[in-house]
Amino acid sequence: MNEELDHETVAHGMQPEDTPELRALYQGFKDNHLNPLWTQTGSLMPMTPTSDAVPYVWKWSDLLPLAEKSGELVPVGRGGERRAIGLANPGLGGAAYVSPTLWCAIQYLCPGENAPEHRHAQNAFRFVVEGEGVWTVVDGDPVRMSRGDLLLTPGWRFHGHHNVATEPMAWIDGLDIPFSRQMDVGFFEFGADRVTDNATPQFSQGERLWGHPGLRPLSGLENTVSSPLAAFRWEHTDRALTEQLLLEDEGQPATAGPGHAAIRYVNPTTGGDVMPTIRCEFHRLRAGASTPARQEVGSTVFQVFEGEGAVVLGGERRKLSKGDLFVAPSWVSWSLEAETQFDLFRFSDAPIMEALHFMRTKVSGA
Amino acid sequence: MNEELDHETVAHGMQPEDTPELRALYQGFKDNHLNPLWTQTGSLMPMTPTSDAVPYVWKWSDLLPLAEKSGELVPVGRGGERRAIGLANPGLGGAAYVSPTLWCAIQYLCPGENAPEHRHAQNAFRFVVEGEGVWTVVDGDPVRMSRGDLLLTPGWRFHGHHNVATEPMAWIDGLDIPFSRQMDVGFFEFGADRVTDNATPQFSQGERLWGHPGLRPLSGLENTVSSPLAAFRWEHTDRALTEQLLLEDEGQPATAGPGHAAIRYVNPTTGGDVMPTIRCEFHRLRAGASTPARQEVGSTVFQVFEGEGAVVLGGERRKLSKGDLFVAPSWVSWSLEAETQFDLFRFSDAPIMEALHFMRTKVSGA
Amino acid sequence: MNEELDHETVAHGMQPEDTPELRALYQGFKDNHLNPLWTQTGSLMPMTPTSDAVPYVWKWSDLLPLAEKSGELVPVGRGGERRAIGLANPGLGGAAYVSPTLWCAIQYLCPGENAPEHRHAQNAFRFVVEGEGVWTVVDGDPVRMSRGDLLLTPGWRFHGHHNVATEPMAWIDGLDIPFSRQMDVGFFEFGADRVTDNATPQFSQGERLWGHPGLRPLSGLENTVSSPLAAFRWEHTDRALTEQLLLEDEGQPATAGPGHAAIRYVNPTTGGDVMPTIRCEFHRLRAGASTPARQEVGSTVFQVFEGEGAVVLGGERRKLSKGDLFVAPSWVSWSLEAETQFDLFRFSDAPIMEALHFMRTKVSGA
Amino acid sequence: MNEELDHETVAHGMQPEDTPELRALYQGFKDNHLNPLWTQTGSLMPMTPTSDAVPYVWKWSDLLPLAEKSGELVPVGRGGERRAIGLANPGLGGAAYVSPTLWCAIQYLCPGENAPEHRHAQNAFRFVVEGEGVWTVVDGDPVRMSRGDLLLTPGWRFHGHHNVATEPMAWIDGLDIPFSRQMDVGFFEFGADRVTDNATPQFSQGERLWGHPGLRPLSGLENTVSSPLAAFRWEHTDRALTEQLLLEDEGQPATAGPGHAAIRYVNPTTGGDVMPTIRCEFHRLRAGASTPARQEVGSTVFQVFEGEGAVVLGGERRKLSKGDLFVAPSWVSWSLEAETQFDLFRFSDAPIMEALHFMRTKVSGA
């Protein structure tokens, strides 16, 4: 691909002389809600993806205190629906969009609180960087939320949360709200004001039916758009990553790269992504390992789960600790470096890009 | 679905008392590029799709003179690339977006002119409401453009146009530029300054290989993302529609509705849409026929090809004649009414909505 | 793959000493309907496919007179259902199986005769090497049968034939009867004793709805297992092949090999094979052209439609003229040689082999 | 479907008078390897599947002693390859085919013995009804075989077995040998004379990479035809079934029918069957539960894993105990009845029938 755009050409091509006649023409365009291509080609159709969104790092040490303060000052309830504080990409004009497609928020729930039930076309997940004590009730199925777990609420499922512990709990939410808002695909419906089932079982019904490796219930032979397994437990994730690194030690081709274990969370009915618009993964680097610089179409967010390391993001190196989040917009390069064992949760809009055949990837030397 | 949103609830829920402490919290959000959900739920997550784009009609009698004037005043060439005048949805702040996903422009090429070759990730088509004399050269294959034809230039194919006739020619272009721009998926590359093949064959190589009903060349057994048949001739479209109405007369279930013949243009390697993001169809209503009011997720554009009729668009009735265009944004209802035989070309972003499982449709009584 | 099977090893491995005890054991197997693997490995699991079926050529000059004589002596009607004379592969014990999966018969219908309606799970087609005047009525849709046409009657569609001309007509039938019989998948149901529609339209309803290149009726958006287009006309086949050879002359990569044009008949709703078990193709070689020797898993039948040439079949060269048929069982090599322009219809069980992932292909130098 | 076949019609239709001329015609058919349809319609194309195979029960108490005796008398080694004793359906002329598509054998391996490595296009699995101590080495990956486990050796993987315990071990093998033999799809290749890896790990590499519910290694993002998870442990199967029955107790729709828990073993890359030709399932009935009579296209084999019960097979009731096997050929009805908790392993050729769109199912009242 020709990376060397001749900007002079673009800027000067097809620009006619400024005459009264031309001004009249341009006024005619305006009056008739028209807009000529030749005055805007470069910005409309850049040589490579050039996002308004910028690469950015949020520190957990900044976020958590603000969430705690919100817990004191802001009641949770119908209308606002959630005590969720969205990461607002500095390039996107203040909207609570971490990227043009993705929403990422820290959500905070105090002991005894209920986040009321609702449902929406938007797909959602929660990932728990620390804490426990909240159950999210998804279409009547209470799902425990514990450290390291990924919990899904795919589109159009009723869901509410309640905290049965004595401590507040914080976690991150990921959704496709910006995509849904800009592409006009959202539907929303209120449900019960309090969660409809107060039970606090160790395992959800979905896990009990679907959480057995390679086994599918005969009562569930129809494939579903989103994963019917909606709780992915840390115990399994940790074991899968541990085994990959052990297999690498034994000389087997098990890892995503040297010292780099990684799993994708999948829909067991298809083997594909857990939801149609959001990909979720977990990455573990050995101390000292790093990943090659990578550019991808579409945007991605990482949260450090454990350990110390850094990201080189759009060419700039930033240190990362537990809870820190960063976003890499489309085609902005990122690579990870681990000081200690370095565990990161990741989500992205890759399913959108792949479904529409826009995905491209470029990997540079480590 | 609960269509009755209790706005009071939304407006007043979770709004804490305005105190200095709260202001400090909100300032903390701002300083850290955060944005709370509870102040914005309604607009972020509406009850049904609520587009910034508005339903709108453009009259061909307004567009064509402006295009002709552009032919006089604006040279076509490298940089601006095309003498294309984009329909700018009045709700989208002046951008040349006919909807949040789609671009629609009138393109105009004078005798002897060349629109230089380039390629881009964006998918494109042309539809010819009148005229002839232009060949579009797609990856080296010259494709004649004539009245009633649909011509494709799927993503990443080099393409340029030249007019070999003695008259100017106008047609409409459809692309996924707004989607590509907002989702950051675009790549672009310049090609030759003039079309690379000046031949003006009656049929393109693609048609000669692929334009035989139900027959696939053994040299083309791999499925392709976009249709390898890139020219859909009016002769075939007209015959298909004619046959549907005759079959309806014979009592066969051939039409889309009473008096309503319709075809979808498809990729012969899959039977699916011609390109991953754009659906193209052609609709014919008998004089006096009408369609039920229809709401769909995603946006759609129609252009009248022939005949007189009207659209009831978002509740408002607008008369339509040859060349007129209208856009229905997501979930805005539309229905067609035919005074004479009424032929319309249609395109939409439905493949996006279906691929990501956001499609919903609601049809009301005629 | 190790093609050098050590037959000594196979023959002598694991063969225990013949003792009374062993004989008692073997008798025990027999009494209990058991059969040990070690006495039969080589024949059960050969190194490469080793069909009981043999490669064979049937001459049209032998078949047609016998069909004509049947027309005189054997009435067509309910019970026998069809005046169809099956090709019986000499290796398959006299059964009317041209191969282990496929049935191929010459069918003959005299003026005024009716082949009664019935339906069955088995998939069927007809290909017309010469003649005209018969209509086959498929689920109520009368389909003209003319020289060079391929006509489908996919599984479980009612169908009957009648001859409205003044001359008898002969054609070939292809079905998956042997597969269905051996795999026990067949269902059968009698229908009307005479065809239910005596009309003799030029084009069937299916063609009128589906026979437009790249256009799909909105009334037919659900994909179907078999092709809804059930008549593939010689006019289109001939044109597609002609264009491929012209494109080859122009230096385009249009043919299956040098001087070798070929099309596959496909289901327009999927781009895949016309029926789940049978692939149909048409091949044309320029005079003097030949194809490389080819081995495939699964069996295939060819019929010469026009021209003079030869097949090298399992190493033996056989001359072929119009109407001649040959079968190549699994993994038996075949290559074609054209003396004049050489047109051949082909069908095979390749969709079975591909669907079950058993397909392998080996192509040797021409 | 018309189940009432008028046999008189079939028998007498189209049977011409026996004349010298007709005899000459029939001799002509014979001489030219032809066979007329009208003399054979009923048997070739039955009204419903009418298998040569018969429903049959094999008692473990008969099989095991014969296997033990084979262990004494017959050495295991190259040539015979396996000490496997195939179930020979009484209707299939003595061939070691449990059905027209499936092979089922009891395999027996003494302490210290090695079943040499080979590979073949045929798909295979082992299911362990009792015992332990054998490792099967599949493409270099040693896989422990223990009671209740399902182990796969999909097509074209090298595999051998060795017994490291002090006791002999017996298990059942299932393969698609009859299908492969009759359809001529088999390839075979010898490997090492002894297993290539003598390690006896608790878990195979495949399990360590793939045996985590809902998690997919990034090193394995390409879908595979057969399951990369090749060991399905009893621990998981038992837990999945237990949970289904508990969920049923809680009022959830978790079971296949009242008191009937069931899982299908699946390929985690697709959610589909573990191999292209063989479906594997495990069924558990509560004491006293039964299943409705079921007819399916294609054949199926059950083995009792634990408990006491019965099958009503083709209308005949047969008691079943641990280890007993039965086969239901195509369209023969079967239903299960449990006296105690009743656990059964099942395999079938359903993936063949579904892939080729021949599957039909008929369920009658319990």
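Labels for the chains are A, B, C and D, by order of writing; each one numbers its residues from 1.
Definition applied: a contact is a pair of C-beta atoms (placed from the backbone, for glycine too) under 8 Å apart; a residue touches a chain by one contact, two chains touch by 3 or more.
Keep in mind the model is a prediction, meaning the values are calculated, not measured.
The chains that touch chain A as well as chain C are B, D.
Graph distance from chain B to chain D, where chains that touch are one step apart, equals 2. Averaging C-alpha coordinates per chain places the centre of chain C 30 Å away from that of chain D.
A separation of 43 Å divides the Cα centre of chain B from that of chain C.
In chain D, no residue reaches two or more other chains under the touch definition.
Chains touching one another form the pairs A-B, A-D, B-C, C-D. Listed in rising order, the residues of chain D touching chain A in the complex are 205, 208-219, 221, 223, 227, 229, 232, 236-237, 239-240, 243-244, 246-247, 252-256, 262-271, 274, 281.
On chain D, the positions that touch chain C within their shared complex are 1-2, 5-6, 9-16, 19, 21-22, 25, 28-29, 32-41, 44-51, 53, 56, 58, 62-63, 66, 69-70, 73-90, 94-96, 100-101, 105, 120-122, 155, 177, 179-190, 225, 276-277, 297-299, 329-331, 349, 351-353, 355-358, 360.
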